[in-house]
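To start, the structure under review is shown below, and the notes come after it.
Note that the chains take the letters A, B and C in the order they are written out, and that residue 1 is the start of every chain.
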Amino acid sequence: MTVLELNNLSKSFGGVRAVDRVSMGFRKGRITGLIGPNGAGKTTVFNLISGFLKPDEGKISYQDQTITGILPWKVARMGIGRLFQDIHLFPHMRVVDNILAAFQKQTGENPLLALFVRPKVTAEEKNHRGQTQELLRFVGLSDKANELAENLSHGQQKLLSIARLLAAEADVLLMDEPTAGVSPQMVDKILDLIKRLAENGRTVVFIEHNMNVVIEIADWVYFMDNGQVASFGSPDDVLGDPEVRKAYIGV
Amino acid sequence: MLPQLIANGLVMGCSYALVALGFALIYNTTRTFHFAHGGVYVLSAYLLYTFRNLWGIPLVPAAILTLLLIAFLGVAIDEVLYRPLVKRGSSQPIQMLSSLGLYIVIINLIAMFYGNETKMLSPGVQPTYTVGHIILARTQIVTAVTFVVLFVSLLFLLRKSRMGKTIRALRDDPELVSASGINARFFRWSVFALGSVLAGVAAILAGLDVGIDPNIGMTALLSGAVAVIIGGVGVFEGAALGGIALGLLQSLAIWQTSARWQDMVTFVVLIVFLLFRPQGLFGIRRRAEEMAG
Amino acid sequence: MNYLLHILVIICIYLVLGLSLNLIVGYTGLLSLSHAAFYGIGAYIGTLLMMNLGLGFLPSLALAVIGAMLLSLTISIPSLRLKGDYFMLATLGFQIIVFAVLYNWVGLTRGPFGIPGIPRPSLFGFQLRTVGHYLGFSVAVAAICLGLLFLITHSPFGRVLKAIREDEMAAAALGKDTPRLKVVAFSIAAGFAAVSGVLFATYMRYIDPTSFTLMESIFILSVIVIGGTGNVSGPIAGTILLIVLPEALRFLRIPDAIAANMRQVIYGLAIILIMRYRPQGLLGEYRFE
């Protein structure tokens, strides 16, 4: 089943057509890789889906609803989560608070309820703290729980942003270079995680420059060049395509 | 009645437009929300008052001396206040609060030395001229002419000179300044000097027309900044037209209500624009891009 | 002795002002120059309800708070889409307008003549008469307000506000309705400022618009910028310092005419130096980054 569909999307910045009539479909429970040279428009596609940019033309549908031009927080509420290429943590908050802020439908986010329905808020908070400990253990950051996020190394920050995304429990995960700058052992762990998420019925779209990673986990690959979809298919087909090899890998 | 109000509004608008142009010049190229611009404005008026009314220097040399000092002050503010912050990569709120701090220091020093009461720069009755049904004071005519001359020269400078090209490039991408090989420091000096002089001219003319007190700077700053929003942030011509539009609106509103509600007009205009046309009359909508930036 | 009690009452009033503004500045990351406007709105609504409609103290207080919260929407909703600098400009405009209304709507507010003879509250049959009584009452009100603000900032709501302050884009990507949260934070702060306003009016028993000027807004902002924002101790330190220090300066016998301006010059310089060398203020956490 196609959960998320892009129809003829275009977006220009000044004279540059960063995304040029792009159509893509992402299927439930599948992992789709988005590859292409620097500046091909991959991140811009994510920005269009998550509502940070408005397309000049085209349509985005999610579960048969049109979501084109909807505000980012609404898109996120509908279940589309996002990992940023440049991480975007809350730098002066503690690691635990970075994750705690991500949980959805928190009763205590309403200040009145936070003041006057304290037992419920406290119970929820306890539950979230438990889940946060688990997530931190999973990404190996348990001993950093009370550090400020800005004091983590780049790789650790990336892991924290992944943990934060998991806490948000989105159905569609847009991951912009999830393995960039992470240690090799951690890369394997992240790939296992991505596979597991897909098995649980999540829809994963990831942008990746490491072709081994793409071959290992992607079910389906889009190759973008100059804002356009230049090739798509199974990883073997796309990476075997002489055009792609020429344009991208340089062989 | 109506033509007179329109004329008054246009002249008032010219004064706002000068403040707005100075503010926009500094804001667009350095991204500094220059609160102290209001302080520069007040100080210009009091410098002229000192030179002319206290020391008896004739108007024109006194005005030139004032503007030279004010240009120097603009540069000094950048060097002493902003540059160390910019060099350290301080955030915009830090720069704004510092600027606000300087504004407070300037106007309170002025109040300490000169007192809070209104001072007249040109005592006695000004000569007036009658054109049809419109009566204009000499200062009003000088204000309009000065604005036109300065505006045209500024446009010329922006379109033709190398500095103008840099200013326009920076408006589109403020990060450019370090990459483009231009002497960033000298460039900032020019912008702050020029911007301050524009505020100074407006302050002198308005002071000659209606008198001065330490609080004129905040109203001027507010009107100037709102004019920038009306015209569209990043559009120099827009800032000038925004100022004139604001002056006209205020003048017409006074006709319908009372002078006491003049500030209210500025605010209502601000809210209307923020709600319905945040990019201003001539600006381009770019919020989404900024959000993803 | 009464003088000391008076200073303590004033400290209570400013603690509520400072800590509520902290919710906007230190937690949500927005600079606001309109806090004195909400302080004044509270003082005037409360006073007018008590004196013109004969309402009791508590109902007047409640309506003053609600009124300030509603009026805050007129500025926060249009300004939301603004980036930081223009948000501050909009709040400055609001402050100037509120002052103009208080000053010029003579029919309602008596304008520059002010409103004298405001009744001291009587609560549950107990009439507050002396400054000592009033101090006890202010301490109780301030304690309740500070307690509520503490709970709010330490709740998931406070945490999301901080997240918005740190990175609004990331917060939005996590499904946080950032525009609404900012509006709510702003109106809560306005509501608490109104409590201070009613406290001030019933303590002084006289109000006029000059207590609610732009300079007052700048002063409240200075208090928390100098003390520090983003936690509780910063604004408390700032309030005590900026209320007590000028009183100490009185003993230096500076002529009254320039004492007020001189104080402002010192605040201005303090802000500049703090921003340069210690942006988190004396005891604050948030460094305006």
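Here is the rule we use: contacts are C-beta pairs under 8 Å (C-beta built on N, C-alpha and C of every residue); 3 or more make two chains touch, one makes a residue touch a chain.
Given the structure is predicted, the values throughout are model-derived calculations rather than measurements.
**Q** Using only alpha carbons, which chain's centroid is the nearest to the whole structure's centroid?
**A** Checking distances from each chain centre to the full centroid gives C.
**Q** Farthest chain from chain A, going by the mean of C-alpha atoms per chain?
**A** Relative to chain A, the chain with the farthest C-alpha centre is B.
**Q** State, to the nearest whole Å, the distance from the C-alpha centre of chain A to the C-alpha centre of chain B.
**A** From the centre of chain A to the centre of chain B is 46 Å.
**Q** Would you mind pulling out the distance in Å between where the CA atoms of chain A average out and where those of chain C do?
**A** 41
**Q** Centre to centre, by mean C-alpha position, how many angstrom separate chain B and chain C?
**A** Spacing between the chain centres: roughly 30 Å.
**Q** Specify, in ascending order, the residues of chain C that touch 2 or more different other chains.
**A** Expected reply: 169, 289.
**Q** Where in chain A do residues touch two or more of the other chains?
**A** 52, 72
**Q** For chain B, write out the residues touching at least two other chains, lowest number first.
**A** Expected reply: 291-292.
**Q** Per the contact definition, I'd like the list of chain C residues that touch chain A in the complex.
**A** Touch residues, chain C against chain A: 148, 151-152, 155-157, 159-160, 162-163, 166-167, 169-178, 181, 184, 188, 285-287, 289.
**Q** Which residues of chain C touch chain B in their complex?
**A** Answer in residue numbers: 29, 31, 74-75, 78-79, 81-86, 88-90, 92-94, 96-97, 100-101, 103-104, 169, 214, 218, 221, 225, 258, 261-262, 264-265, 267-272, 275-276, 279, 288-289.
**Q** Report the residues of chain B in contact with chain C in the complex, numbered from low to high.
**A** Interface residues on chain B, with respect to chain C: 33, 81, 84-85, 90-94, 96-98, 100-105, 108-109, 111-112, 218-219, 222, 225-226, 229, 258, 260-261, 263-264, 266-267, 270-271, 274-275, 278, 287, 290-292.
**Q** For chain A, which residues count as touching chain C in their complex?
**A** 50, 52, 71-73, 76-77, 81-82, 84, 88-93, 97, 100-102, 104, 106-111, 114-115, 121, 125, 164, 168
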